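Following: one structure in structure tokens, then a few remarks.
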């Protein structure tokens, strides 16, 4: 009886065994990466919109406030998409016959909605509430990115559960003074750019934002400067605390904004009902 | 150079003799486990058991630490008022993984240590090997790599042990 | 990405709410799919089709016939596609946003608005506060500020929401079955009216349900001036022939009553009885704190009702015996000039009578006798006389002023039919009524209707009458239109529309107004002008201001009936003699769930287990166990009931405590043109109901072949166990109830026992008090809020309002009869009914049972994916989108309150239903477990508001849907960590116990044990009744 | 055990021991190889095989139909409802797994106990195990409401940062069963390797030789390999033993850990394991008896095996009976109302018939008759008996799952259970699947381990001095 396999087969057999192992592993890794990829999360995609609306132009260029259009962001779960009227307010005066704005004029004339495509589209079983975030010192840019630099709107972050939890488990790293919520360029305090905060009368039944006062310029500096010429130095206002790192500021705001504990924030019913 | 024997006893004696005569690069081939033959050629201990033990321990630690991490650190949740570190509940999966890992390491360890798969092997060139070795014949093989080996002498030596036949195999 | 695609649609609504109503309407008409389903539905309705199906798939046939699962059945393909998609984890489709063009000022999208209005129900208006999400009404609840119901509601009121969004509502005017426009009709109508001017409206007839709206009454009065010969007939099948319809509407106030006698009056089980909300509240209020004394309720009734079963003492009499009994009582308490027909009362009955008499006399002035409205008018008169004799008038009874006076409705209808047959009727306009279906059988209205030259039907559906009438005009729902209505106490509420008519419906106001000088005047203007004087008068109030105030508050000041003790002239009361003891009596009652049939197509109500019987999706001939034996039938068998040659086939069901030798038939079923839900459910009791005996009569019943698959949601067996086996050996008691008591599920005591031993509810080894420190592992700490609920079993009357409220709040699916039969109904909240003692004369315990939110929840521990977990506030929360559906939690739940979506139960297709859903609650898809969440969406909302204002949640800020609906305020919810909160004090009460405490599950929902206040004279064991098979 | 009921000159008896022979006399290495290998290597397949296989296949398609419909409509097509949330799916799962156990028991435990007689039957017993586990494993997967998410039961990294919940016995099942399946397959394959070698060398066609060659990994019977091989299989046996005991223990936890009366009991683990072995051996008999008939293997699978398996069944049957007895006793002795009512309801409630069915099939019939040796060696009797016991054990699971659930704590939520045609289709479908797989095994793999049989031949004895090689064994 002769050989069934020739010499090479040994090497082949062992190779193939090893290969199978490798393939299985790499498959796993690929899938794990895939579920986080923009292809799934839609990060950075710019869907076709009836009007190529530029946040960059309106926010950075014209300096419109976020709430000018997204009126209910502080009051409601739903930030609000501006009605055609909001557009017409200005565009009945300027660019009155730009082709780009045809859909707007049409809508205004026919009383039919402009049909936009949702960019930040959470899964339907997720109940997100804008108002509580904005009122507790979370800025627009923390989730939506530098909208003021977006000619066409796109989704900055994954909006996946792990991303939400990332903050709900440690809010300190993203909190900012409520007064800064709409400041797109806010970067948080640093050695170079410290932040000073003080707490006025904290009594319940009053929006937390009002009881904490933060500013980016050293309080009372002005006077100090002017007077120091005369060789007198005044102490800076005592009740202001100086923050040079996001962590410190975050913890401070957690205390004074009465942010709930991570275990409460990461409890299921907070987002799913 | 392989010699074919009819019964296990013959093989064992032959092997014993060869071993005593100082042969080392040698092996026996039988259709079913013949421990005596293994002893005869001085093969006693193997490392399969050790592999299995380590495998088992790995499984145990892997699963138990995974469970602990998940329920106390990764996402601690209040499950029906139970403590997050409910070790009694963690025992079962850890136990299963111990066995799983141990079992797999035993099997694959054995295969690896035996240098399998070796689909090709010179012995298969021997005309009578494949008809017998896995059926009812018993083979003693003295390899050319052994210093005592020389074609004619070894043949004579094997002949002297009363095999059915002696064949020289191309390496 | 998830199977909550359903709630995908939810989400879309949140943007679509921005759709203009025109768009919504076009959507509703336009949707191809919808037409398709409709046509399939129609096809599937036909008998040939069903026969064919039955041949094809024998056991699937049921599914096809069953309207709800038929839908599911047809959706199969789409479902499977969806599944494929999900399996492939495809990405969500792009979702569109429809912003407003001009957004209303006061609208904040995502925040609900609340508007006051009222539900014009036949027995009186129910003041409402309606939750509106972007101008879509999504929840109907009582008006908390209104003195009448203080925010409570009832099954009908709650269900009108689904009635509004019913996809089967008629959407076009039709003439002879072909679609047309309303204007077409208006033209013809105006023509006729102008022609009629000359002869004073000769031959012009109107048939309507009772005019509850003062404005409508005013409009008619004016119309009558213009058209003196025009005739209006009012007919409410459930009320025609009652003293109430005839105008007798005394006001009872139970808060001052120590002894209450209900003479066949079921005032605790639903809005069917005038003043239900107030009466129930006042009744319950006197039972909340037994230590401070409580009232005593006697009930003499002809069919078991929650009222009778709650009563300390209940006497079951055949309907015809009750007038005689009332007369006997009257003479006993010394009412002059009453001749009680002599009748041989049994020992038990005599005993009851004497004890009752004594008690009433002893409590003269502090007692009240409440007559049943479905009784012979003499009962009402006698009750009044007795109350007068006892000096209860103006103490516990006040004789109200002008009540709804629609005269003798039956006589009116008879007259109309006579005129029809005589060919006198030229035009017959039928307003919101369905006489072809519900007119007395002997009148044969259908043929008569054919004799009218022109017949017009204004109705919400193309129902039996709509199909017969020449013209059909879609009616606007009360949530779509302006009107007004009087509450029980006469207070007027303005009904304001919550949404533009979905299908361009119109109201009776429009049709009557058309007869007047300025036919164009809208209902809005009409209502305003009705009340202009009332609102303007007094302290020179500005009308506009007053009007806005009235709209905001929900009622118009000083419109209560003036209490006029101008007693009715003591005319000799004629008391009918009871039918002979061996005559088989039939009792007709409007159905507790779908009333006279007007709610047949409301799935929530069809699926709602009826009080006492727990029967869903059907009506049945309710009989006593003994009668069942006598008739030689079993439950579910079919009886043929004959009344004067008219026959109807009915299923049989035992109602514990039903008087022997009589059967109760509920009206409202057996509809042929109700819609996809109501058509074909139950049997039509109107077929044997005649104009001379609208509420009870005598007839015969014989067994016929076949079985009627009835869906009873709770098992009921007789306890036939010997003492050794753990039974009581009587063989006449209920197995479930006996078990419930041994297991400490139900705990109760008499007032004496309670006084002697206030801690009775937590004693003995089966009833241990929860030992918090008796644990293997450290207790979990609940620091901030800890939500808990207390349910007062003494107050709960089992009226079901809470269940329907829960349906509306939590987007609960309707599953259909077949599914209910195999125990798959989805109610998160159920009312467990246990019949204590001899099933022939039982007492009942009603126990609302929903998720108990156990701190040591057995369900959570066994979920392999952690889809049900505890929140830091102690809520046992169910994460639908994490659930894979192993059903292990449901198995391991000792209270069996978890509900599983075995099939695709939620309706993701029907457009109109999407508008109805609560946007804050996921619509659960197939294969997902669900259960009571303590209305977590409301808690979250309150938390967010509180956090924004940097304060703690106030006690009473979070109100669960069931709590809100409950007329007896038996349910209290709140934070048990706050020791001052209402719920905390209640849970601390000695009578409070937790069900199955010995399992140490530590429920957050706990119950307050019932205390009864029996009359010592009647306290000892009642007479034995003949044992019967159940 | 006494053998007086059988005449000593009966050829089946081994004169030395007075026991039945494990192997019929007259076998040599060669004949063993020939006998076993040729069943597989014959180019012609018997019509009987085809007939049976097509029947099995046909029945197996039921499963495909039923499961497709299930995935389209949802678990609602089954009879599961409130309060009976688990039905046929879990019953069949437990039943199949139980059957599997005998295989591992024979191959592992008996190996450890050096019960040589197991050598002839362990191979197909193991095969039975694997196919049973395949059928069993199907059920937990399809019984969930959203099968496409079943992978959430495995601890895989994901973007939700959520993980399985390790306190759930259901999750323990996942690990127990998956481990069990893996180890059984590995053990089985390891056992096959040398025989694959033999097959390779006896294969008549190049193709067969090639395939078997691959599968044998080039096994050549070096004694060094044999030593390692022996250690490995001994270790695997040593591991499989605690595994097999744990698997049904864990499955019994599904019930024992729950609070439901009738589930919540500590006796379940031992009683489940015993029950598993009981039904398992029954199934081995159901398979072995026809096999040895068709393939004339009476010489290798002798009456000794039948006799022993009968004894094992008797023993385990008695343990199971003790379990039932204990349940009843505790119901009374514990003075717990839950237990008492549950027992009363099981026996005399609306579904009492199922309880009496199980008593009849598992206790009344087998435990009275299996004592008689003559019957234990009567094939027809044993075959019938094995079927009865399998039915009985199925009913045991039915009783545990259904009659505990349909009337539990709150009387108001009591219900009932009536299986639908889809339930039955799925159940019988898996039987077909099992049959089909098993027939494939019989056709293409050596159903008896040749090397282990050879070890048992007298000629395998190592003797001091050479002995003329003549037909060994007599």
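Per-chain residue numbering starts at 1, and chain names A, B, C and D are given in the order in which the chains are listed.
By definition in this document, contacts are C-beta pairs under 8 Å (C-beta built on N, C-alpha and C of every residue); 3 or more make two chains touch, one makes a residue touch a chain.
What you see is a predicted model; the values in this text were computed from it and never measured.
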item	value
Between C-D and B-C, the pair joined by more C-beta contacts	C-D
Chain occupying the middle, per Cα centroid	C
Euclidean distance of C-alpha centroids - chain B vs chain C, Å	79
Cα-centroid distance, chain C relative to chain D, in whole angstrom	57
Chain A and chain C: spacing of chain centres that average the CA atoms, whole Å	48
Mean-CA-position distance for chain D and chain B (Å)	29
Chain D residues counted as touching two or more neighbouring chains	161-165, 167, 171, 200-201, 213-214, 217-218
Multi-partner residues of chain C (each touching 2 or more other chains)	858, 861, 866, 869, 871-872, 882
Interface hub residues of chain B, defined as touching at least two other chains	75, 77, 79-80, 82, 117-120, 124, 129-131
Chain C-touching residues of chain D, taken from the complex the two chains share	71-77, 79-83, 85-86, 143-146, 148-150, 152-153, 162-165, 167-171, 174, 254, 257-260, 337, 340-341, 344, 348, 405, 408-416, 418, 420-421
Residues on chain A engaged by chain C in the complex (per definition of touch)	40, 42, 47, 72, 75-78, 80-85, 107-108, 111-118, 121, 123-125, 127, 129, 131-132, 135-136, 202, 204-208, 211, 258, 260-261, 263-264, 267-270, 272-273
Residues of chain B defined as touching chain D within the complex	6-10, 12-13, 27-38, 41, 43, 46, 48-49, 52, 56, 63, 66-67, 70-71, 74-75, 77, 79-80, 82, 86, 89-90, 92-93, 95-97, 99-100, 102-104, 106-107, 109-111, 113-114, 116-121, 123-124, 129-131, 133-136, 162
Chain A-facing residues of chain C, complex	1-2, 4-11, 14-15, 18-20, 23, 91-92, 94-103, 108-111, 784, 869, 871-872, 875, 877, 879-882, 920-922, 933, 936-937, 939-940, 944, 947-952
Contact set on chain D toward chain A in their complex	157-162, 200-201, 206, 209-210, 213-214, 217-218
